[in-house]
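Several structures are given next for inspection.
The same chain A turns up in both complexes below, where it pairs with chain B and then with chain C.
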Partner chain A sequence: MNLRPSAPFSRPGWRLWPGLAIAGALVVLAMAGLGALVWEASLPDMNELWRSRYLRTVVAFTVWQAFLSVVLSLLVAIPVARILARQSGFPGRVVLLRLMELSLVLPSIVAVSGLVSVYGRQGWLTGFANDWLGASWNLYGINGIVLAHVFFNAPLAARILLQAIESAPTSQLRVAAQLGLGRWWYWRAVEWPAVKPIMPGLAALVFTLCFTSFAIVMTLGGGPAATTIEVAIYQSLRFEFDAGQAALLAMVQLAICGFLWWLAARDGLTASLLPDRQVASHRSKAGSSFWARSGDAAALGLFVLFLVTPLIAILLRGLPGIGSAFFPEGSFSVNPALLDATLRSLAIALPAGLMSVSASLLILACGTAAFQPAITRLTNVAAYLPLMVPPLVLGTGLFLLFRPNLGSSSEGLILVTLINAMMALPFVLQMLRGPMGNLDSASRQQADQLGVLGWYRWRWLHWPRMRRPLALAMAYGTGLSLGDFGVIALFGSPGQPTLPVLLYQQLGSYRIDAAAATGLWLVLLLLMLFSLFNWLGSPLFNAGLASKSSRTVPEPEHA
Partner chain B sequence: MLEVKNLVFAYPDQKAPWNFQFSVAPGQCIAIHGASGSGKSTLMNLLAGFLEPQSGDILWQGKSLRHRPPWHRPMTSVFQEHNLFEHLSVEANIGLGIHPGLKLTQEDQLAIERGLQSVGLGGFGKRIPGDLSGGQRQRVALLRTILRQQPMMLLDEPLTGLDSDTRDLLRQLLLEQKALGSLIVLASHDDEDRQVLADSICRL
Partner chain C sequence: MLIRAFTLLLLTLLAVSANAEKVSTLTIYTHPSFAAEWGPGPAVKDAFEQTCNCQINYVVLDSGGDILQRLRLEGKSSEADLVLGLDTGTMETTRQTGLLASHKTDLSALNLPVDWQDPVFVPYDWGYFAFVYDTEQLPEPPKSLEALIAAPDSLKIIIQDPRTSTPGLGLLLWMRQVYGDQAPEKWQQLKGKILTTTKSWSDGYFSLFMNGEAPMILSYSTSPAYHMAVDKTDRYQAAEFEEGHYLQVEVAARVKSSDQKELGQAFLDFMLSADFQRHIPLKNVMYPATDLGDELPAVFDKLIQPAEALYFDPKMVTDNRRQWLNEWLDAMTR
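After this line comes the complex of A and B, so read on.
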């Protein structure tokens, strides 16, 4: 018998145990954090919640603004997704889709500065509304919070809904095209059945993101009447040193988010909760007439304006000051504050991105290798835990747990990196889940028979399929961490700011030009990172490194 | 000698389970014959270790293969289609049959080159399967099976749908392998394939 050389890491344990250990560690970490909260607050008295008017207001406001944000985001997202599905061939569609995906990682504190430029007291649109419509508008308070949440979540929701609509069965699309169904019946027969299964998960995702929103509420909240639980936790810990109140609020937040996710996940969360970029196009009668196309173009134009004007504002406001931000007062040496903040941000974001990608891969490998449903459930729970246990709640628990030992700022930064990696995990994992699982059964059987296992299987079968999604996931993981202003605000030291913290400090001291320049620099840094990772994942880069034996599995042109 | 002893298998919704039993000597070809759904492909998958039988055993040279994973069974399969990794070049597809990590010596590379020439695919090494016709793909798959040098070949309708020239070429290659001592289990609808290649027939 011809003995085959055995592949490195080919024992089943190599796929199972590392991922299981990470999943277990995630659950333990979350439980430890929560346990510390309960311990510190010595089983907080829930009655206090009803006695304190402040706490009642905070909880009610958090739920109300999140509810409004979900409703408005979906009201914007559904028509946009339908238009994008109908009109699949217009120039700039790919750029628009990319822009919509970018909203997931656009640092909220930077986006807020753009929104202020457009909708603030001196904003472009506010001036127009006051002069021409006689309407008064105040961005600060619930108006601004909900507007910012819609700005962030409507594009993401539209992108996910588009994905769902375009994954409708081809047979249904053909029948609908042949019958020439109009818009309403097209929605009833094709689009609604496609989006219905993901609606609970999508609504839960948007609700959680708005419910746990921190930077937006900090900057646009405008006082105690517009404070969310996440901000109240921060204030309790940072300014009032009231761990008990923080614990109580954290548990309320966890209970509401956990209940919501349990409700949404009862029928099983679908894999299409995040766009996987494999979007196909189809034709229907509903969007083909001149008037239909004109109406779609007008509606889409409004959406693009809504999406792009704050970004243009960031560019226009930041551009004049970017030179002096780097080289203050004609100095030839780089501004040390900006340089340090940039390096500190990268020192946190790059390891956090790498950790989230590595942990996702190992958890996914464990999920596919496990034969016991309990292990698969554990990996699923661990993967989505950061969505159910918001990072600030987790951070609060870990802060309390490690508080006596959190002596140096570097230890705090390590914790920030860890929590940022956890925070990115559900998003990164969802991006990699599809490509990791798309090895067809025929290829798996061939590989099994040929002994292409372990490292060899990864190298020759998974890697060519995964390198682009991995690069993209790394970009998102890093980007999410780069723009983080929640965890760093809790653990970071004001004397050692990251870029978002520096921006917040500049805004707080009314150095508006400097803040605008820092915001622009943060966005540019993000774009540079995305370009870098895009290049690293492209066949162009890999052609120089890899042998000519394999090709990157091509993505569709529009993806 | 390959011995299939009371190998019992049924899919969850299947009322009457299959029971396979036959034996073949090295250098011989057994043709598995039967209508669609009679269990030909299932038998091939059981032999290869892709399916787990409910009872019975598979013996090779007197040793049980039943609990061995596919990569530890002395056989290579060729199906009617989907035999190649679509993103890998022809050379890499064949090379993975020689070394599962594609660590090829110069001799291996030379063997691939000569093999490709012998099946009329000289100069096709850098192409990917998507650039080949159905017949060319089957030639690549069969060449990989030959260069893998395992004592058994499991062929599940490998010549179906090919043009007559390609069928003649592949039949000739299989006859050569038989003469060199390979044991062939052939599932085929085609009478001519059975007449040319098979030494015995197992009806399902």
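After this line comes the complex of A and C, so read on.
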């Protein structure tokens, strides 16, 4: 006889089924897209792929550039994350974190324009290197591709790693601080164990992003020798109308990326089992000597230059047009087109962010609730399908399943919101996986014994620890949707543009200055959005909500 | 207050939907540069809606290729009454789907460099592909395709990929028209001058050309018209090549399954009237399909006048595209 009133959503099924349903829907979607292509034209012989010199080169090049990009991105990200964790109090740290969050969500055409202004033939750095160092380089080719990929992904990776290091069990930090560990031992004893569980997933995420890169590879690749599988799929579908070959290539892409995720899910996605009781924080002393601090400052300075100079180029390019973008031809009322596009973008991006965060939590809950490890892995891998399945194939699948009525704008916008949420899912999941898994087993068992389940478990056990990661995840989910152009282009939009679509429309009509201004506005908007969400997730904001007396335990200093 | 605002909103929505039921709607699949706020789309919509008791509904797809793909997916149940924005590169494949209907439009008013007698497709504008150059970086551009190919490799050009871009395919056909079977060799000689091959015209124009990365970019002979008329600068000009320039014609057609047959036909007729065509020169930055007389903006007189319009029959393009592309890939990756 159970006398306790049970908490809402406390039946075990609530932890399992919603996540499973979401994962299932994603699988169905991907299969529908592939199935449609195979149905349209039968699948060619697999041997066809290995006979064609062109396709072989494409597959090899795609893997090679993605591999290089991952290695370099992580080589940049790990030291940056370590320095940022060590030096938690320098001025400008908060601004730097916001800028790091920005790079991934920038529309690629804006980011490439910034990169070219710095590293291109007429770029600032190229000029400087020629005049002062006598060095010269050519941006266009594999180096340009890798450079752009590192620019997009290293800050993201560093941000995720930093979050992991900062959430390292405080007991370990205390012991490490008491022992006065040197840097190497501190890495071995504290930092590596903290980042190790998320490393495989992070590497797989960056690999998949670079693997499926399209416009950047073409713009900076120098010529058709730099062709990724994604380009070849586009070519098959849009140019040669060869659905069979497109399906075959999509399957190759799915097989390679899917295999990696499967491996990552086997080794790395398990939750950390170390206790994570929040106690007063003890920072390492390793970063406090003068020489150590100078070294950190120099390394960080280089990274800041790398990250910030393209952003400054975007700023300088957009500034001349931004006045007339807001107040066209000297009028004193705000340009309605820009305002409408901004509101429309936010109306899509905020719900999309919220949806992707909720879906991620459900999938993660399902991961901890499933009895079969295989089911856990399957749901985990399925969540990354939106990254692995080429957008054109996904679009076909979605189209067949929903047959959207393109004419009605409200229905179109709802669908676009849904798909944006789906595309953001892999990133948001990556943000939340670490923090969600970090709940120690002692707390978990205690909660089980006390019957803290369902909604209450979420409200009192997870929510207080996850506020900050949730805010960051929400910022990424929203930011990705805000900067997105692809999803809308997939479906066709009913005329009224979002901000990125407005940018492309301006480009298509030769309004170069206006487009640069729209690009800058988008960057500023993203920056504001990330600042807002970080503020919402920060202790400062929450201290205002909770009564101060209940906060006996100081939290470590985060961003 | 909130309730009042909500009621007002509800009433407006009701009024709009009630209104929508009365008039017939013409759904047009098109691409972004036509439907954009600054494109000809909105002005054309207003002008046509005044002549009929109807409403135009644009569905904006990413490119001509996407219009074709959407049509294929939807087949006979397509909602489109009209497709607008296909060109000589995609029209033949679209015709072969059998989903388009023939038109009854009088084509005698057409003013194209080639004779046009197509039963399905009605042109609405046209233009020449050309290399646009920055006069400040390159005062003396090459005078022919041959001169460009023979130029030293220090002259850098930006082109678009024929697999993903309309002008990119245009250059492939241009080279083929001028050099025939010699085209692959000529591509190999050109290769050293190609800074990069971008996915779309926008990528190259915005990120690279306007950033000063290269003095020449593959574009349209009409591009300088916009810079001269709106940006008020003569800095960007098109290089005239002796061999002639390749022609692009943009077309529209009716969809067979449409339940607005008469309205669709009326739109195609309207397309060749001055009320439609006058928006083409500066809003689509192309030549109008009919003679606009004095209404053609003065800057169009300053554009290059190619000696010859190079042009393959669309059927020829469809039959050979894949082979020509493979030869190009081979030449460029060897």
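Here is the rule we use: the second predicted complex is superposed on the first by the 291 of 559 C-alpha atoms of A that agree within 3 Å, B and C clash if a C-alpha of one lies under 4 Å from a C-alpha of the other, contacts with A are read in each partner's own complex, and residues count from 1 in each chain.
In the analysis below, a contact is a pair of C-beta atoms (placed from the backbone, for glycine too) under 8 Å apart; a residue touches a chain by one contact, two chains touch by 3 or more.
Quick caveat, the model's predicted, so the values are computed rather than measured.
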Chain B versus chain C as contact partner of A:71, first or second or both or neither: neither
Larger contact residue set on chain A - chain B or chain C: C
Partner chain(s) touched by A:237 [first = chain B, second = chain C, both, neither]: second
Which superposed partner A:501 touches (first chain B, second chain C, both, neither): second
First (chain B), second (chain C), both or neither touched by A:218: second
Chain B versus chain C as contact partner of A:117, first or second or both or neither: second
Chain B versus chain C as contact partner of A:448, first or second or both or neither: first
Touched partner set for A:515, first chain B, second chain C, both or neither: second
Touching partner for A:399 - first (chain B), second (chain C), both, neither: second
Contacting residues of chain A [partner chain C, same complex]: 36, 40, 54, 57, 109, 112-113, 116-117, 120-122, 140, 214-215, 218-225, 231, 234-235, 237-241, 317, 337, 396, 399-400, 405-407, 489-490, 492-495, 497, 501, 504-512, 515-516
Chain A partner contacts - residues on chain C that touch it in the complex: 25, 27, 29, 32-33, 35-39, 41, 57-63, 65-66, 69-70, 72-73, 79, 93, 156, 161-164, 191, 194-200, 202-208, 210-214, 223, 226-227, 230-231, 283, 285, 321-322, 325-326, 328-330, 332-333
Residues of chain A defined as touching chain B within the complex: 1-2, 4-5, 7, 440, 442-443, 445-453, 455-456, 459-461, 464-465, 548-553
Touch list for chain B against partner chain A, complex: 48-50, 69-71, 73-77, 79, 82-89, 91-92, 95-97, 99-103, 126, 128, 148-151
